[in-house]
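The following block contains the structure, expressed as structure tokens.
Chain nomenclature is as follows: A, B, C and D, assigned in order of appearance, with residue numbering initiated at 1 for each chain independently.
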Amino acid sequence: MNNNNSEFEPKIVAFVCNWCTYAGADLTGTSRLKYATNVKIVRFPCTGRIDFMLLLKAFAQGADGVIVSGCHPNDCHYTSGNFHARRRWITFRGLLDFMGIDIRRIQYSWVSAAEGAKWADIVNTTVANIRELGPYTEYQKVADYLDKEDYNG
Amino acid sequence: MKIGFYPGCSLKGSSREYNESVVAIAKALDIELVEIKDWNCCGATAAHSMNEELSLSLPARILALAEAQGLKEVVVPCAACYNRLMVTQHELKDNNKRERVTDIIKMPYSGDLKIINVLQMLETYAMDKIQEKVTKPFAHKVACYYGCLLIRPHKILQFDRVEDPQSMDAMVKLIGGTPINWAFKTECCGAGLSVSRTDLVAKLSGNILKDATERDAKAIIVACPMCQSNLDMRRGAINETLSNPSDIPVIFITQAIGLALGLSPKELGLERHFVNVKL
Amino acid sequence: MSKIGVFICHCGENISATVDCEKVAQDIRKVEGVEYAIDYKYMCSDPGQTLIKDAIKEHHLDGVVVGSCSPRMHEPTFRKACAEAGLNPFLCEMANLREHCSWVHEKGEATTEKAFDLVKMLVEKVKRNKPLDSIKVPITKKALVIGGGIAGIQASLDIANTGHQVILIEKDPSIGGHMSQLSETFPTLDCSQCILTPRMVEVAQHPNITLYTYAELDSLEGFIGNFTAKIRLKAKSVDHKKCTGCGACFQKCPQKRIPSEFNAGLGTRTAIYVPFPQAVPNKPVIDREHCNYYKRGKCKICEATCPTGAIEWDKEDEILTEQVGAIVVTTGFNVKGADFFPEYGYGQYKDVITGLQFERLASASGPTLGEIRRPSDGTIPKKIVFIACAGSRDEAKGIPYCSKICCMYTAKHAMLYQHKVHDGESTVFYMDIRAGGKNYEEFVRRAIEEDHVNYVRGRVARVYEKNGKLIVKGVDTLLSGEQVEIEADMVVLATAGVSNCGAEQLAQKMHISYDPYHFFAEAHPKLKPVETNTAGIFLAGACQAPKDIPETVGMASGAAVKVAGLFSNNELVREPLIAVVNRSAPPVFSTCVGCFMCQTACPYNAIEREEIKGRDGKVIKTVAKVNPGLCQGCGTCVAFCRSKSIDIQGYSNEQMFAEVMSLLNH
Amino acid sequence: MDKLREKAAALLADGTVTMVLGYEEGTNKPRPVFCHTAEQASKLVYSSQCINNLAVYLTKKEIMGTGKVAIIATIPTLRSILQLSVENQLNEDNLVVITVMDKDEVKQFANFAEIEAYIADFQLKLDGKEQEIINKLEGMSREERFKFWMEEMSHCFKCYACRAACPLCYCTKCIVEENRPQWINPWAAPLANMEWQINRAMHMAGRCTGCGACGDACPVGIPIHLLTRKMMEDLAPEFGFTPGQPSKNGNALSTWKADDKENFIR
């Protein structure tokens, strides 16, 4: 793994629900709390909506890390979307790990509309962690179908 | 039936009769008590208000020893020890504390040991046995006095009804006795101040004794050495505070059961009491 | 080839201070499909909106991205603007350049780059947006009110008075609820029944209200504007059409010693009974559990005495199906009772009673005709102790919350006692006196100062009987800091208010959420206090949390207005951001294979089965179908669907996919 | 064997069914056969060698369209039949399910409930070979695991035999055919191949009945069946279901418990 990461700026995509985490991130803004620019937020109605394929696509597209965040249990605007999501992630993580995909690069969190500070913290710590892990070249290498030779030999 | 056994200092000193009666009835009920080897004081002193680490480390060592000696369950007759061990067990759920403490005692502890008091032991393993083995029904009207350490804090101990405990009453009924309905079951006997403010102890214990006597109990049944010694040993001082002095004995539930099982007063250490026991 | 317009807002300095808005606008022009891009100081201002409208017309834009503040703030504004310019509002998206960018980052290239990315992301999304039309659902203009206490009565009357039909169901034989049990009411001390009974009668006589007593909700299906309620009419065993309410039957009934619910167990009633003299309807029902005939197969004395032959022995429960458009839940609360206070000896000592029981003692219609007498021996208590917070605000009792009404009714009780027993001595043990409310504090002061009620701040440790007296052991934490012991003749516990029995099951029947204490949950603690998370179902009164009469009535009227508001439209308009199952040409019809995994996933039971039939009427295949009235658009089903047959408008697979793909690799 | 043939012949003769799905002798192991007449029923064989999961045919219109069908089901097949019924893919009255018990006793099931009761006695366990590979993989570092699968995936040429062999892959339109958006790149490349397998595994989560047909079908021998199989083993305790015992109370992923673990969520 790449260790001289001083200049390495990880690309991170955040998949968040509209009602809690998106609003929480809004609060981060209104409270003028600062965080790293590496993260770009994609807005979903609910964590229940987030398709696991989108996470894989993000990595394939060169993301080095992903944040998935929604309402705390029992706070879901749709009462149980986040519970369904939680199960999906439990399953997904198990599978990815078994396939040797680096699940440390996916940060799951519950951030409520009132937790602006928590959002800033999640982003910053995630950026720091991913910087530590370095770019996800291992995955990106296989992502481009043209250079297959390192696997088809 | 094998259970770990932590007597603690009181049972080895001021309340030997409790120890003797516990051991005696355990034997009579085919419960094998395995005393924890190399056990130490549980720290049931002011320690827990002065030095948290110490107050956790002392019991933690006991628990760790028990675990190391392959025990799964430990019976702790002394209410104070029981309380300290349970509280420690609870506190050690916090990993940081556990690490800190196990580091101090230089022993690992999983936190899975089961800690029970005498009443729980009898409730879980001996009720039927007691029933069938009663030879001399304990046909007396008595006041079951639980004190505080046995059931408080309820959040942690999770034993019996906190405001109106029943376990001892049930056992007394089982051996043919009649528990009175009274209000001082869980009142404080003053043990916490038994050194510094004996006057208060006399007053508090006095209230308890007074009500039990007025409701015409023939004895007070306890499961805590502190309660016992306060109500028994300090009877002189207490009686001075009472308009009409009381001479009812204060005996351990284990002694009462022992009598019902036909064991001799001697085996049960009944002659060790200050207020002599005529039952 | 799409024609997207991008509008970058400076938000005064808020965005432009850290983001180079002009650069973003310039660069975004280079993105394929972007027809027009411009930055402006205040996009949300009138000139700003005009800018957008003109651009839409001039450049025939088929999509708009506004890069400004959070969509949670101004999405409606800009979508409206687009609509006014003739562009479907759902072809307008917002990039959050303020809350998610300029405000959280320092000035610099990275920040501007991120702003660009956020805009680009939305450009890619909006390219794939589809024009959507708001959903319209018809509304059945008839309301169902569940629970005939003061909340239900008020809500029913208010709705009925707007000219809409109301069905009021009450599980007991009479409406009136807890309020009918009360003696006087704080802070005015006017007689509860005197103010309540007229309204009960009004309900019974109102042309727009259909009242079903002795009835419960059996099941509920459907969605806002279109509910189907099955109502169980429990067998009264008395034909109320024939019954004249003469009362001969219950005078003769041999079963006389049944504890009366209305008198909180202090009085008795017969097996065929009217709960109380002012009951509405004032006609009896037979309590089969206690009736000799139903128990032993003989008796029938009531039948013999009934002049109109109204008794119906083999009457069975009926299920009534009603179509309603809205529901108001007003099922009220309950008070904690026996065995909850071993330390206070409730259930053990006859003269330790609950506040509700005291109400009955103090009530002129009560078992003692309003005289305060001890249940044990009927003597008048000379010393009485009231214990506030009996259970409430007590973690150990599992009730950490404040029951809210106790402070006030305890003061009232003490006052009433002093008014009725002049030489009596009353003491109140309290934690804090919570008398927030118009004239409430004054009322408590009156109890203390004019009626000389002795208020002691401190908890009571226990109550026990000693030679005929109740010894109350407590502590005075305010003045002496000493323990206090009072030898009382009677103790009244201001027991905690708790959710009504069966609240949980009812909530599940209606798919509304509830809190850990089984009180029904409002949609928003501040801004939606009478709504529930299920559209079309509203709350009023103590079923949501303990509350007093004025608050309950206010809430009931509030709920009624919500219903009236709903009924003021002929159809309901909803945002079309909901899931749809695709349909395609035969022979496929839909890629849905009908595994119906989505059905268990949907939090709203919005997924229905649709049978696709051929010309011969034979079912070709069964596929999922989303009920647009029920779907709230969470999209959980979408992420589930293996064949991607179900998709959600506004957050479609194509849109989200495009967003993610656009983000990186450049 | 005779008992089975008699049974099948009888069913066909008296017109109870129009077709019997079973096995006949194949080149080196029994292969599926569709018997339309009582005579054909004499070809039927049954042995531990019968590994094809015939349930795969029960969702094919060409077959179910023909009328009432009888199927000779192995234990894995029975499991698949149950799961299919849970997923509303089977019509109970349109199907006769037969299995062969020990001593060649033939059992015909009255209904699916009976099947559920019957298979309850058969535990689904990882066989030695499966366990071995799983252990091997778990022994590896994450990077090694990734390399392992990438190496395996590089042999895949997207023939979709795994899909064809699986009774539970019955979608009218598979996600790999979905092109708006193009979730999975159509070409055969390690990532595209892996994405396909991840999708397959996720789609099977809580549904797979562990028959292993996908793995058996793979012409280049990628142990893909372990992806779904391993997940089943891991999730069963997590979500409280029994591998190989499909039940009506929902698919592991379409239901949830308030106390599902979330130690990985911040």
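Operating definition for what follows: a residue touches a chain if its C-beta (ideal position, glycine included) is under 8 Å from a C-beta of that chain, and two chains touch if they have at least 3 such contacts.
Owing to the predicted nature of the structure, the values given are computational and were not obtained by experimental measurement.
Every chain gets a centre from its CA atoms, and the centre nearest the mean of all protein CA atoms is that of C. Annotation: A-C is the more contact-rich of the chain pairs C-D and A-C, by number of C-beta pairs in contact. Computed centre separation for the pair chain A/chain B is 56 angstrom, with centres defined by C-alpha atoms.
Averaging C-alpha coordinates per chain places the centre of chain C 47 Å away from that of chain D. Distance between chain A and chain C, defined via averaged C-alpha coordinates, is recorded as 36 Å.
Mean C-alpha position of chain B lies 62 Å from that of chain D.
Residue positions of chain C with contacts to 2 or more other chains are 601, 640, 653, 657. Among the residues of chain A, those touching two or more other chains are numbered 52, 80, 84, 88. For chain D, the set of residues that touch two or more other chains comprises 183, 253-255. A list of each chain pair in contact follows: A-C, A-D, B-C, C-D.
Chain B makes touch with chain C in their complex at residues 154-155, 161-164, 181-183, 211, 214. Chain contact summary for the complex, chain A toward chain D: residues 52-53, 56, 60, 73-74, 80, 83-84, 86-102, 107-110, 122, 138, 142-143, 145, 148, 151-152. Those residues of chain C whose C-beta lies close enough to touch chain A in the complex are 70-73, 96, 98-101, 103-106, 110-111, 113-114, 117-118, 121, 513, 533, 577, 601, 603-604, 632-636, 638-640, 648, 651, 653, 656-657, 659-661, 663-665. Within the complex formed with chain B, the chain C residues making contact are 341-343, 348, 396, 462, 464, 466, 471, 473.
Taken together, the chain D residues at the contact with chain A in this complex read 137, 140, 142-151, 153-154, 183-185, 187, 189-192, 194-195, 198-199, 201-202, 205-206, 227, 230-231, 234-235, 238-239, 252-258, 260-262, 264-266.
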